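A short write-up of the structure that comes next.
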Amino acid sequence: MIETVTRKRIEILADAALVRRVTQAIDRAEITGWTITPVQSGKGRDGHWREERVMGTDKVLVLTIAPEDKAMKLAQDIAPILTSHGLLLSMWDVQVIRGERF
Amino acid sequence: MIETVTRKRIEILADAALVRRVTQAIDRAEITGWTITPVQSGKGRDGHWREERVMGTDKVLVLTIAPEDKAMKLAQDIAPILTSHGLLLSMWDVQVIRGERF
Amino acid sequence: MIETVTRKRIEILADAALVRRVTQAIDRAEITGWTITPVQSGKGRDGHWREERVMGTDKVLVLTIAPEDKAMKLAQDIAPILTSHGLLLSMWDVQVIRGERF
Amino acid sequence: MDAAALQTFTSPVVLFFVLGILAAFARSDLAIPEAIAKGMSLYLMAAIGLKGGVAVSESGFDLTVAAALGAGIAAGFILPIFAFWLIRGFGRLDRINAGAVAAHYGSISVVTFVTAVEILEFQGKPSGGYMVAVMATMESPAILAGLLLARGFGSDEGQSMREMLHEVFFNSSVVLLLGAFAIGLVGGADGFADVSPFFEAGFKGVLCLFLLDMGLIAARRIMDSRAVTWRLATIAIVLPLVNGVIGTVLGTMVGLDVGSSAALGVLCASASYIAVPAAMRLALPEADPGIYLTMSLSITFPFNVLINIGLISAFASMIAGMGGG
Amino acid sequence: MDAAALQTFTSPVVLFFVLGILAAFARSDLAIPEAIAKGMSLYLMAAIGLKGGVAVSESGFDLTVAAALGAGIAAGFILPIFAFWLIRGFGRLDRINAGAVAAHYGSISVVTFVTAVEILEFQGKPSGGYMVAVMATMESPAILAGLLLARGFGSDEGQSMREMLHEVFFNSSVVLLLGAFAIGLVGGADGFADVSPFFEAGFKGVLCLFLLDMGLIAARRIMDSRAVTWRLATIAIVLPLVNGVIGTVLGTMVGLDVGSSAALGVLCASASYIAVPAAMRLALPEADPGIYLTMSLSITFPFNVLINIGLISAFASMIAGMGGG
Amino acid sequence: MDAAALQTFTSPVVLFFVLGILAAFARSDLAIPEAIAKGMSLYLMAAIGLKGGVAVSESGFDLTVAAALGAGIAAGFILPIFAFWLIRGFGRLDRINAGAVAAHYGSISVVTFVTAVEILEFQGKPSGGYMVAVMATMESPAILAGLLLARGFGSDEGQSMREMLHEVFFNSSVVLLLGAFAIGLVGGADGFADVSPFFEAGFKGVLCLFLLDMGLIAARRIMDSRAVTWRLATIAIVLPLVNGVIGTVLGTMVGLDVGSSAALGVLCASASYIAVPAAMRLALPEADPGIYLTMSLSITFPFNVLINIGLISAFASMIAGMGGG
């Protein structure tokens, strides 16, 4: 049986223009890495948007896996700008192999 | 310590042409929003497919975060067409900040 | 009330060139299917990368939903090449409808 | 039958299509990004629409044009019925899938048409510019016909029917083809001169690369496919042959010239694999794309490009000669 | 006022823009892939930059050019102040949002400029090649001005200010425009001959498809929008009218020819919807894109393309005539 | 050595490459969408393949062509051995990484070749059309050679070896280059006339934008890179110098004209950064892309485009003159 350990997976939806704010926060929390995936469109309280890369109004999903304490550090660090920057954050427990890498 | 609350995260894989059926169901369940991410290819019982946007046969992933009751309402609403429309649904608990927004 | 059952959701981040290694492992574990979503960029111990499709250095996310036993079989099968092939694996429990399909 | 039927094979456009098919069968990883393929198809539609509009701005609308439009719309409603009957009987498909397939064969394929126009011009039988408008109007009727065949009249839920009608009339290729046609009509040759280096000079080259991609996609699909029986494969060859004859005869009867009759034949022979599949996912989600896409895209489309356009062209010349005798 | 103001409407470039707007209002699913749109905008900027550089390599830099550059930069700093005052007062927006909107109207829209250059050429009033350099230098000052208006002088956090200044000077369109301009300047007409089939022959055609896309996006945005009041909509019409007059008068006063004065007018009248929104998300994330994008992209941009360019062109001819009398 | 080596710098193609490098170093966000870059690379390969095929359809196959092909394949097998020895010894890399790097330097870079062809033509030393076929055949042998060097003969698992061989012979650029070459050969100048406005007129312009992108990517990679030591950087300069001389001498010896000898030199000097990296991820996943991509793409590629092509061209003229004396 391989050994798995529990880590937090955090996903943050952010405007492409603001991604560096998010990844800098991840770096500050001393998390080992992050991955960015594209987003196509969405609807929130502000109504519908489409990805409009020419206009720079598209969004992306930043995902990062980290131990609980660093994850909470990141969440706390980023909480104050969630509303002003229109970010969306969710996190949950995942099992990973090679836990020492995260 | 920042406060987090538990919500359901639902992800539905759907043909691009059928996305409006899914998002209308999300709206009917009075969930505040949804986000669509692209999908590149996949394999199921029908064999392998690639994203072929010219032919309109591509798929997308619709993700939405909602309180448990609304999530179940959505799942129930959409269950009957899961098979006929070839949808794939999975959901799990996530923690969010600013729980009042979902 | 609709009936849901618990399954494992596995997500593996892999170089596009190595995806077939991953999907072959999924097939070997007799899992019914998989879905591939694109990835835009990321940072790990090797530093920052961007998606550079011309150079074939991009990565993708392979996601698959399976019963616990098959999921563990897949994880075990793929564990030895995680490091050499630079893969990233995380998994968690999800609820699905139509459990017999996975 | 003259050598025209074979001449097709030295055209670079067709050769690139063959290259795509061969590359896919050799399991090469050659692939054209979807965004590029989509962009090329938009370009081709804008260009063919403009060109048709400019041509009509010079020749004017007349009875022939009206006759061609009428013939096209009629064919769009009638051809699916014959197809449905064949698919249910010989093809042994259920009602839903048969209706979906019938809609594809009643509608048209823009790329097949464009390829035919190039080949006909190459053979000295240019088709009229108004055929673009005929093509655009032929896209939608078959969708309605196929849907009625699949669902019957009463059974439809109102909402999806409304969605569908909207899709039918404002679907992106109809809008772009007719829009560009109108712009060509308004601007005329003078207005077009400005943009013709882009839309005219690049046309055949873009068509080459687009057909390369279509060859790749068509061949890959048939390699993955499991849903198509030999009966269905036979239908995917027989329908374009029969519909091609019907269309060509129809065109000759309503008084079109040789090239335009052949073009109408090709429109009837061609099966949609872009607009109609999207509409069917919406209106008949239970129908299996594995069937209708494989038939129209992987069998009928290559058959038309490689063989049937040549046959139809030769046939059109033949019956025009008979009428003239 | 001559007929120039109406002539715009027969240009295929403008007709494709109208087609996009109509298709969006009809809720057609016509859409151009983002990668293609981005590619077209890069192509247009490279082409216009090269063309300007080649033109200046022939005419040389002189006092007129320096005057035009000075006028542009001055306008970039001053126009936002007037806009800010109007938006806070009549428009009733808060400080942050007003600053963001002001930055957009002080900056420029490359596509509006390019369209104007085409239309002016079409009307026999070509603008100087150096206007491309004027445009590039006008992109950034207003971003700074808008930011200072929104935040005041002291309140800025250093880091985001530095990020912002970098964004302002090395933002992709400034780099590409000035870079291509420099390449054109170095290579001259000879070096350009090599690549001109690509950058010159394709230009108007690409512009057609790009404006088709802009029409779709602009119209879809206004259909979804809820944030723009009638007061703001009015401002989105009044500002380009007033700024257009100011720019044209300024150009005429510093001695530019008719075409270049009109081009300066259009630059002042145009509002950014590509570079500035990206900068504002970074520098003023609290400002609502639903306001500034809808105003600049969905109201001002169509108003400029369809009406205001024609008006400005006629006005430039008029005051040039007066000066000559 | 004549002025040719410097002349390169006024070509717009090279200037756009420099612009890309500068923009990346200035940390501008200028970027070309991946789909567009991929589309441009497919276009360039189709165009160069067609052009070569048409040229050979006119000149015919002869002994020179056979000699060039033989020289190319031989170089593909032999150059990696020398490279491997240098990289293990002076470069101090382990076996796996050394094999991967050797494979890159034994293979070729299509874009370097295309740029060289343009520059050689510009200098009045056109290379033979058959050099395209030589290039295509040179892509793969080095992959095999590098793999054998890295893994030894016995140690390979059968499956990955089969996968790899398939990748080697049916990899997308080999298929497209040779496919388009064959189409050009079959169609000849007549068939090509049809599509030449697209494939010929646009060629240099597309190359400009593609090199802009390559400049951006190459410079960004080196800014992020940590894995490349000064020893490896030295090798990334020395290898193209040495291999360029070897290739040019080889070409002159087997009787190629000046342009073709120089082109062979450039092929030997160039290092793959598209096809081989993909093959290496598959065959040698443990090798570090941070090493081989940075060396080939960020050091060797700019060095070749900016300096080495000019040197090789001058050297080819020199030794051709010696032989002629």
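Here the chain labels run A, B, C, D, E and F in written order, and each chain numbers its own residues starting at 1.
One rule holds in what follows: a contact is a pair of C-beta atoms (placed from the backbone, for glycine too) under 8 Å apart; a residue touches a chain by one contact, two chains touch by 3 or more.
Since the model is a prediction, treat every value here as computed from it, not as a measurement.
Fewest steps needed to get from chain A to chain E, stepping only to touching chains, is 1. If you take chain C and chain E together, the chains in touch with both are A, F. Chain pair with the larger contact count among C-F and D-E is D-E, by C-beta pairs in contact. Where chain E touches chain F, under half of the residue numbers in use are shared by the two copies, so each contributes mostly different positions.
Look at the CA centroids: the one farthest from the centroid of chain D belongs to A.
Farthest chain from chain C (centres taken as the mean of C-alpha atoms): E.
Chain C and chain D, compared by their mean Cα positions, are separated by 40 Å. For this pair, chain A with chain C, the centres built from the Cα atoms lie 19 Å apart.
Annotation: 35 Å between the Cα-based centres of chain B and chain D. Across the assembly, chain B contributes 37-38, 53, 92 as residues in contact with two or more other chains.
For chain E, residues touching at least two other chains, in rising order: 33-36, 38, 201-202. According to the touch criterion at the top of this document, the contacting chain pairs are A-B, A-C, A-E, B-C, B-D, C-F, D-E, D-F, E-F. By the touch criterion stated above, chain C contacts chain B in their complex at residues 1-2, 4, 7, 9, 23, 32-38, 60, 65, 92-98.
Listing the residues of chain F that touch chain D in their complex gives 33-36, 38-39, 42-43, 46, 50, 166-167, 170-172, 175-176, 179-180, 182-183, 186-187, 191-192, 194-195, 197-199, 201-202. Within the complex, the chain E residues that touch chain A are 34-35, 37-38, 41, 213, 217, 220, 224-227, 273-274, 277-278, 281-282, 285-286, 288-290, 293, 297.
Chain A contributes residues 15, 17-18, 46-58, 81, 84-86 to its touches with chain E in the complex.
Every residue of chain D that touches chain F in the complex is listed here, in rising order: 10-13, 15-16, 19, 22-23, 26-36, 201-206, 208-209, 212.
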